[in-house]
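Several structures are given next for inspection.
In the two complexes that follow, chain A is the common piece, with chain B as its partner first and chain C second.
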Partner chain A sequence: MNDLITATSLVKHFPVKTGRFGKPQLLKAVDGVDLRVGKGETLGVAGESGCGKSTVARLLMGLMPPTSGTIAYEGKSLNLMDRDERLRFRKSVQMIFQDPFSSLNPRMRVGDIVGEPFTVHGLAAGARKRELVLGLLAKVGLSEEHFYRYPHEFSGGQRQRIGIARALAVSPKLLIADEPVSALDISIQAQIINLLMELKREHGLSFFFITHDLSVIRHLSDRIAIMYLGKVVETGTRDEVLDRFLHPYTQALLSAVPRIAPDRTTARIVLQGDLPSPVDPPAGCPFHTRCPYVEDICRTDPPPLEEKEAAHLAACHFSTKLFR
Partner chain B sequence: MTRRDSYLRDVVLRRLRSNPLAVSGGIVVLVMFLVSSLAPVITPYQPNTLDAYHVLLPPSASHWFGTDDLGRDVFSRMVYGARVSLKVGFVAVGIATVIGTIIGLIAGYYGGLVDSLLMRFVDIMLCFPTFFLILAIVTIREPSILNIMLIIGFTGWMGVSRLVRAEVLSLRERDFVQAARAMGCSDLRIIFRHILPNAMGPVLVYATLGIATAILTESSLSFLGIGVQPPEPSWGNILASGKEFLEFAWWLFLFPGLAITVTTLSYYLVGEGIRDALDPRNVR
Partner chain C sequence: MSTLLQVKNLTVTFRVPRGTLCAVDSVSFSLDREETLAIVGESGCGKSVTAYSIMGLIPSPGKIAAGEIVFAGRDLLKLDGEEMRKIRGDRIAMIFQEPMTSLNPVLSIGNQIMEGLRLHRGLSRREAREVGIGLLEQVGIGSAKGRFDEYPHQMSGGMRQRVMIAMSIACNPELLIADEPTTALDVTIQAQILELMDRLKSKNRMGLILITHDLGIVAERSHRTAVMYAGKIVEYGPTRELFHNPGHPYTEGLLRSLPQDARPGQPLHTIPGSVPDLLVRQPGCGFCNRCPAKDWQCETAEPEMKEIDSGHFVRCWKVR
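Right after this comes the complex of A and B.
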């Protein structure tokens, strides 16, 4: 497939201080991640809180430099881009944030928020800009009367719509959505998801869609990556990963999805313990501390993320033995 | 499509008006402004005219606040003193706020070594007891209103810079600043469009309170005889001239003392009011 953005062996470590005189330690937020999003494709990324999903999103946006590894947009590495290319990259990739209450500048009017990209990129000004902004507001289901309002006058769902309008202003090719609906009410979630899917169809957008809600991901994604403790543990097409999973962590996540008509062929798998600290990740397989099928080799040898079946990668020593 | 008025006119002023304490403080501040700008019109006497026949008169219809030991009209002197206080307050705080805001923005936004260096410099500046620093400088330089304003300004910016830095540190991690970066905004645009407007609330409050402090400092310096030099009137030196006649000429220290207290308090109330009104979440 034609790749729009690729991340290769992406690593991001944050230094954290432990105690006043303690040696600075490294929080391994992202620890060797390979990902790609094709043109017009939606990659759904799932995993529990603290697994490094948001850090990957910020790295892909170029909002912070990776510790190592490369990100390439249309084949061009981000840190090799010159000024013009970087500005073009900024126009092509936009982000939708999780918290609609912190993603809009409280001192700016909605019209100015949505219109700012036009000013920054010198795309339009004056009456033309106003016209474009009103068009964007209409597209996300807001009306002309919202133009002069301040963000605090809106509900969470409406604010998320404003954020989406702002992201669309530069006609991006890729939208990075960092849990765009998890802060919203269930009824509003569906509206926003439908809006995003509509926009995707209409503009042929690619999505990098982060969520911890697997039912959302099933609805939206073409391909799925499951992350655990800074690593991708399983990735493949949507149906492969969700229906023919090859990793015990994916199995556990899926068993936690509530069903309207429970078939109960698979019992709920409740993981024991908490997510291990990314400052001091376990040796061997990162999941071995909580895995119900753990064996000796898991405690010593980290399993590589390898192609187990066609277009279906998993990082587990016993994939085939357990699930096939 | 009719709401084109700015955030300040639209929201802040309306909220400020519904706060009775801030309104009364604001009225006092406005009256002080009017009085000092209209000083030549409303004063019945020249502030420096001596009158050997009418020394130390208590308040009466012809001398509202009485006269001092040289027969000068205390009311007229206080009106001119208000001018000095306002000028010192605003100019000194203006200098301090501009310096402090710039240093705080740079330190907070760029972080790292720049931040460490600037904040250590702030620490060094804070080590000097400001009042004694001012005393020392005034003994070297001649004590004039201009010098007093400069000194208070250049020794008063550290609080502002710490405040601004702290605001910037939290603001720059907020999603709307990240969104601005993702959009391709330049550093300057992010600092002045997205960070500064959101950091201005506390700065405005701090500045308003700073005016009160500056007025107090000027009064103290003038009281000690190293601020505004007689015969030029200031609330501080009127107070000082009254201290020798404490037992019987109560009007010589009561009125300037009250003026200093009430003015300081008023700026304080206005500052608090602005703080509440500027908070967008604070819907009254």
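Right after this comes the complex of A and C.
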């Protein structure tokens, strides 16, 4: 097995109160998710806001415990790790955030931001640390003159580079990137995507890459998982999921993307309505309230995520009938 | 088709402690009824400031230094505050970028929709309520009667954006300006909103200015496109023509840097560098520090707009 990190039947429920005197209810942010990221692999995770993709990222980071289910890193469950193993895990998994404006401390100099992980993990200090930080800055396309500057002096793209340098400081194996290019302008977005691909090649990094932009996902991913309302509805290799999809939600997502080349041959599917509330998800298939192909069984029986074709899983009763 | 709006040599400056910044520099374009004009460009290129100028909403250190904004035969810049207030929200309306912050959190959405109707159309509360509920239904909000008295925080992002649209079309405006109307929304909701705006456009014979950085939306929804860079329009023309045959190196660079048509895993085309500081005025073309084709002429003199095809204008020395 070449899996770096695996999540099995991952569940995360948050108690929420509805109204002032409302009974506490459960918001089912992640509701039974199985995922794996292989060594040197990029798993692209797509879905609309509220589908649970960011919660999965925080669970994988070990930032909060799952309600149930397990996460295993290099085959070892997070719960069973001793102190040293846990520290090693923390170093191996790093995160790049979406908003380059709020994820950097405005009162720290760039050199200190990027150097902080060395101090935290006791890896280097003094001149040695400075040297390492300069190396990291060079790697992400910044230079020595940026060392003593503050975050506000940088543009969005440069700040994202600083965040990436900080994440790389402890030589991680897995980078969890939560919408790292969504806040950037197109020309800058391309620069950051290229940088991430270069780092992946150079260091054999794995990526857990969250984005709602399917063209970015297509460009970067080896495998893709599509999430809807706390569940993975389809997963497989990039080309399988995007070109030979087996779930109506994937089809709708793809058809909703505005395209430059007006070569659209199929009609656009405009989904009606909003994402249902994760506090009170629909019975049966979570997608049935918006699915254009809904039938009776979908309203009562939740479809399991099954292997429909080799290495291509989907959770739909009618995958084969609809798409093959 | 008749011309609805004509913007001529619009120049907007902002006085800031470090000097005077020219956010919009001699921008000219026109818009017909039932036409969609897309304005694209990176953050800080002046697209939103252009929109705010048409609305007469330039915030304080900013000033319209020159130009004309002719709407239905009248220059909006010559109107006094009272006359402008009568037009704003009635004949010209705007959908703002952030549905989360543009609605008043302490007023029910019904109250906010009724405000324009009562002010501009002089409707009574009861009449305004009826029209308002009809508007919510029109923009696709289910059980509109019940939701009319809800507050913004009770709604999702897509709902709020639809409420914003309902507010803006309440008085059947002749011109609608949509500033990144779908940026905060998911793609499936975005598709709903864009379809809705197209429907309303033909129903009300409305002109639409669509400000966005999503070139896919531009290609699919607009008739003409203006590409802005550092306060200036650098390319302007029929959308299809502009996408098939971009004349300005910036437009070409933008189109090539999209991951959409690139081979997966291959490095994307990038435009090196970043936008110039608008406070540091340089002679020559604003794009020349990032341009792959620049020469001495580009660094010394500012190029004029040239018509390279019928209705297709490019601001670049290299085109002929």
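For the reader, a short list of remarks on this structure follows.
FYI, the second predicted complex is superposed on the first by the 323 of 324 C-alpha atoms of A that agree within 3 Å, B and C clash if a C-alpha of one lies under 4 Å from a C-alpha of the other, contacts with A are read in each partner's own complex, and residues count from 1 in each chain.
The rule is short, and it goes like this: contacts are C-beta pairs under 8 Å (C-beta built on N, C-alpha and C of every residue); 3 or more make two chains touch, one makes a residue touch a chain.
Predicted model, so just to flag it, every value in this text is computed and none were measured.
Because the two structures share chain A, they can be overlaid on it, and in that overlay chain B and chain C fit beside each other without clashing. Using the contact criterion defined above for the overlaid structures, shared-chain residue A:134 touches neither chain B nor chain C, since it reaches no partner. By the touch criterion defined above, A:197 lies against chain C but remains apart from chain B after alignment on the C-alpha atoms of chain A. In the superposed model, A:188 makes contact with chain C only, not with chain B. Residue contacts after overlaying the shared chain place A:168 against neither chain B nor chain C.
Contact with neither chain B nor chain C is seen for A:4 once the two complexes are overlaid on the shared chain. Of the two partner chains, chain C is the only one touched by A:253; chain B is not. Minimum Cα-Cα distance between chain B and chain C in the superposed model: 7 Å. Taken together, the chain C residues at the contact with chain A in this complex read 42-43, 140, 142, 156-159, 186-192, 194-195, 213-217, 219-221, 240, 243, 253-255, 257-262, 264-265, 267-271, 274. Residues 1, 3-4, 7, 11, 174-176, 178-186, 189, 193-194, 197-198, 280-281 of chain B touch chain A in their complex. Interface of chain A with chain C (complex): residues 48-49, 155-158, 185-191, 193-194, 197-198, 212, 214-216, 218-221, 238, 252-253, 256-262, 268, 270-275, 290.
On chain A, the positions that touch chain B within their shared complex are 58, 61-63, 86-87, 90-91, 93-95, 97-99, 102-108, 116-117, 120-121, 144-145, 147-150, 152, 163, 166, 170.
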